[in-house]
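Okay, here's the structure, questions in a sec.
We call the chains A, B, C and D, going by the order they appear; numbering starts again at 1 in every chain.
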Amino acid sequence: MINKEVKNAVEACKDIKSGMTIMLGGFGLCGIPENCIQTLVNKEINNLTCISNNAGVDDFGLGLLLQKRQIKKMVSSYVGENDEFERQMLSGELEVDLIPQGSLAERCRAGGAGIPAFFTPAGYGTEVGQGKEVRKFNGKPHILETALTADYAIVKAWKGDKAGNLIYKGTARNFNPPMAMAGKITIAEVEELVEPGELNPNEIHTPGIFVQHIFQGEKYEKRIEQRTVIKN
Amino acid sequence: MINKEVKNAVEACKDIKSGMTIMLGGFGLCGIPENCIQTLVNKEINNLTCISNNAGVDDFGLGLLLQKRQIKKMVSSYVGENDEFERQMLSGELEVDLIPQGSLAERCRAGGAGIPAFFTPAGYGTEVGQGKEVRKFNGKPHILETALTADYAIVKAWKGDKAGNLIYKGTARNFNPPMAMAGKITIAEVEELVEPGELNPNEIHTPGIFVQHIFQGEKYEKRIEQRTVIKN
Amino acid sequence: MALDKNGIAKRIAQELRDRWYVNLGIGIPTLVANHIPKGISVEFQSENGILGMGPFPIEGTEDADLINAGKQTITSLPGAVFFDSSTSFSMIRGQHVQLTVLGAMEVSENGDIANWKIPGKMVKGMGGAMDLVASADNIIVAMMHTNKKGESKLLSNCSLPLTGVNCVKKVVTNLAVMDILDSGGFRLIERAPGVSVEEIKNATAGKLIVEGHVPEMSIS
Amino acid sequence: MALDKNGIAKRIAQELRDRWYVNLGIGIPTLVANHIPKGISVEFQSENGILGMGPFPIEGTEDADLINAGKQTITSLPGAVFFDSSTSFSMIRGQHVQLTVLGAMEVSENGDIANWKIPGKMVKGMGGAMDLVASADNIIVAMMHTNKKGESKLLSNCSLPLTGVNCVKKVVTNLAVMDILDSGGFRLIERAPGVSVEEIKNATAGKLIVEGHVPEMSIS
């Protein structure tokens, strides 16, 4: 067994530097690597390119990095819910590359899977397709999309073992598995870190081979963005 | 819940006809849909194109269909271990399309995922790459491979529920998940069929949306091809 | 009388068929789930990674790890399954979802749709909409017939940046149900109760095709 | 004295580094797992869908659902994980596996490899070999220096149909260890115990580069 355990987020993130490209798992505030994000805020590095489906809210998630102007460029599919983001984008301080959500997920998986490019119908005939190669398959036009990789991928799982194997919970899985594949170095923070052999090898979502550093997060707020309930 | 249950292999396979293209999961004899294969043998249909990583052995797996000359063409990555296969191939009775194993798996997944084509380095500079588009990414040549789909995909899982959700066991997973995605109609045979809700939604390998018919196989021989053991 | 949003959702619910997997967008489309016809089974896919979505949770049982694509807390039904984003869009792109319902700012008579960007305004992004419209065989747009200024949202050509081309098959608005023909044009299928063909014509900037008698919708 | 197959495996095992994931082909490469140097952790990937492969099972505990790529019954170690074939080749193609060891019929001085097909003979297929050689950054070929007829398997150009081009970095045979230079040629690194440079030269049809003193392998 190759032991991937590190002490904490600080140790896991110690070689992340200004100017790097970082993928971060999560959908909205669900399944985001809270501890590593806080550590990146504390490190005060900047000029980051962040690949993440969303950009958090003003005071949580990637919003914390935006507040401190640590992000140079966001690569996302949807970036609402964030006033500071809007301000920086409209003022031109922040570059934004908007990518259809399915293409974003597939481009990350492709990056991890050694597939440099693939054809998809999404975005054909729109500004997303501008400048991209178009080809028809079965009479339907598709555009060529290229793989995404990152200096670091930072993902959040429910349980993990010291070999780096990960299990996610519910819809907190989302972008974490494809991004875990696509990091040159992948950091996984988990709610519960166990010994190798404690996870059923049949139930693992992300094989440890994709993970270089793993640690149990100190605490998880797991903030809910839209609390919709039925009154009892 | 959409109920996918059918009574047995005969009902699941009732619309499979001569001349169709069928994907079959399994690696060697591990994780093959034994009950459906026997049913196809009994149906006496022929001229089948079978997409399967291997071709079984003389008296088990796809070898049973070969014995009765029901297969017109095999699409596989490795076809040793089968004398009848060799005879039919050398005599020209059987067409064989050999595909690198990783490309075969990815082409099936692509077929199920609406990705009509992708670039891979595998096979560049070999006869597999002949006639295929070559393009360099990061200085490395890749070839364009296209998606595979099938009239039917037939997969074998360990457990399944009536909604078509599947859980595989051990290395019997292999080609079953990508092929389950790629069938116009996908049949799943399982060792144990349970009610919806009995499987943990977090532990499912193939979501039921990919499966049209499911049944519990009558019996499983699960033959071992190479019994390698340490004497106690 | 023109339909309200719930009425539009009710009418769209009549398009559901037994054993369909359905993806509902945010807004009016979400309401469709409240009006599933009796006797049919459908399952809802949410592109953030769940099939078999249930209703909102009872207060106090909500789970931060269980949300829908609108980021609302939800529950899962028996037979549900969770999956990652690349698998989710494999379902969508691979046409395993039989129906997609989504809102729009504009639809053109050749089935183009614009629903993600207004030049000069803050652009929030397309989310999964471009994948959904480019992939689905069966797309119904749910929207008001006109915008807040009273201008038609059914046009000859979209004026806003496109989300997808040649993809919308049917439009259900507060005034009418229309099929979009392969050869171009909105073919009027049904009128909202009490709404005249003339009213619909006046509210439609694109080519409206009216053939023979156009019945009123029947929504109970 | 020339090495036997076990000796070749032993020498290759010296190339293993701590924390590497390794894919071993069938034949001599499989034997490498028996000689992991003390003090390092490596994990074996088998392309049919397991990481953390263990030894053969104790008789009576074998499981038909747990095999390696050679279709042999195996066991899994703590920390193991199972996955499907497309994920498995994502690991390989995506270069998450640090070392691939495989056999060959021929290797050329520019790193081409032929190991899947002999014209006129039954072709069994390439299995995962083409993906492995096209993807891995670090490929070691384990083979006998000459074939059964005594002909060199290290050539200027492969005569057999290729499995991959420009990919082999190192060759370990019963006679020698050689690096394949980017500029072409087999650079002799080590000799098998008691084997002379002259013997190696005679057994090598491709360009052999000998610079300075060539030490003997040290394998215990």
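Quick note on the criterion: contacts are C-beta pairs under 8 Å (C-beta built on N, C-alpha and C of every residue); 3 or more make two chains touch, one makes a residue touch a chain.
These figures come from a predicted structure and were not determined experimentally.
Chains that touch both chain A and chain D are the following: B. The pair with more inter-chain C-beta contacts, choosing from B-D and B-C, is B-D.
Taking each chain's centre as the mean of its C-alpha atoms, chain B lies 29 Å from chain D. Each chain gets a centre from the mean of its Cα atoms; for chain A and chain B, those two points are 32 Å apart. Chain C has its Cα centroid 36 Å from the Cα centroid of chain B.
Separating the centre of chain C from that of chain D, both taken as means of CA atoms, is a distance of 55 Å. In chain D, the residues that reach two or more other chains under the touch definition are 50, 76, 82-83, 86, 89, 92-93, 135. Counting only residues that touch two or more partner chains, chain B has 106, 109, 113-115, 120-121, 168-170, 201-202. Contact residues on chain D toward chain B in their complex (touch as defined above): 46-50, 55-74, 76, 82-86, 88-89, 92-93, 112, 122-131, 134-135, 161-166. Only residues 27-31, 53, 76-80, 86, 89-90, 96, 98, 100-106, 108-109, 120-128, 158, 168-178, 205, 222-232 of chain A touch chain C when the two sit together in their complex.
Remark: chain A residues 1-3, 109, 111-115, 161-163, 165, 181, 195-197, 201-202, 204, 207-210 touch chain D in the complex.
Within the complex formed with chain A, the chain B residues making contact are 106, 110, 113-121, 135, 137-138, 142, 146, 167-170, 201-203. For chain C in complex with chain B, the touching residues are 19, 21, 41-43, 45, 50-52, 76-83, 86-87, 89-97, 135.
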